[in-house]
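Questions regarding the structure given below will be posed in turn.
We call the chains A, B, C, D and E, going by the order they appear; numbering starts again at 1 in every chain.
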């Protein structure tokens, strides 16, 4: 899984019908220093994440498992809102 | 999923028979500043996207789910035409 | 899918028995300017591609679907010989 | 699989219910010189790894196989604690 | 698939029980000039590869197919020992 920060949302009127009703958020995946965004992905959200939240994102087939909807064509989903990260650099 | 901009199309006479009738578009995946293309991928399109459209692309097994065709050998599909992206950099 | 140029081939006497009879080609995946090779991958070819051909490559589970052989351990396959690419940079 | 070093942990109260009870660790994936972190991922741990441990991480569907839980939306799991790595650069 | 050079091995006493008896090798994936290592991955080996061998590596679900063991949590496997690579840069 990846740690990212919710940085936005998107609106798409014309889309695959199986995506109706889902909320899609932009998530910035940051490097290990949390100073630079490596890439921005779009993840389906079922956890109620908001702007600026640090979230846990799962990718690939596990995103559809998270939605409990194998027929939904998504490849990334927010599966947790992160309260705290403890790093212990040795 | 990834946000990209449709930048072209391709023509292939000789191809896997299961790809017949599908439209394939080039999609430039841009970095978070939308200023630089990170990579260009080819995605099957069922949403009617056109040149310059900002699109939502899903990858891997979810592309075949989007086409509702598990026997079609694609790994990327356009699943939405994006109307607007709201970014809120904190 | 990815666009690449066939740049070579490989020979392996000792290999997984399910790979016998398959042709494996080296494919250079180029950046969006088609000037620099980002990476070289090895793809199974069922379309009869030759050196220098521009090809469409599918990856992951869709490669096995392209070969119509779920028991063949490949993760990339050439699914089309590209006649032309039209780019329209806006 | 990837070799990484356990560098932290995370806490998430609000999360997908199938993730309850799992331990999630931050794992720094290092380059071949073991001097620079390429990326940090979050992996489910069932092997009892601790801070600073060198671990073997599997990704994608194999993470769910490692947990023996196809309904758990994870895409990375620690499958071994590495005792030693022998490199033989030729 | 990827071409890589076997550069080492690893030892892990504590590991997922389904990995018992498998040999895991470090494989350096090189760039197209074969001069620089892009990344090092760990692959299960069933072909009897040795240090310095150039090998063909398959990733994702195809690794488990190569092992003919869907319950083994691996995401990379050596599926061939490469005798020769012919490159024809045009």
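Note that in this section a contact is a pair of C-beta atoms (placed from the backbone, for glycine too) under 8 Å apart; a residue touches a chain by one contact, two chains touch by 3 or more.
In this text the structure is predicted, and so the values were computed from the model without any measurement.
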Angle of the C-alpha superposing rotation, chain B to chain D, to the nearest 5 degrees: 145
Separation of chain A from chain D, taking each centre as the mean of its C-alpha atoms, in whole Å: 19
Distance between chain centroids, defined by C-alpha means - chain A, chain C (Å): 31
For chain A, residues that touch 2 or more chains besides their own: 60-61, 63
Order of the ring members, counted from chain A so that chain D is second: A, D, E, C, B
Contact set on chain B toward chain A in their complex: 1-3, 31-32, 38, 46-48, 56, 58-63, 65-66, 77, 79-90
Touch list for chain E against partner chain D, complex: 5, 7-16, 18-19, 24, 26, 28, 37, 39-43, 51-52, 60-61, 63-64, 70-76
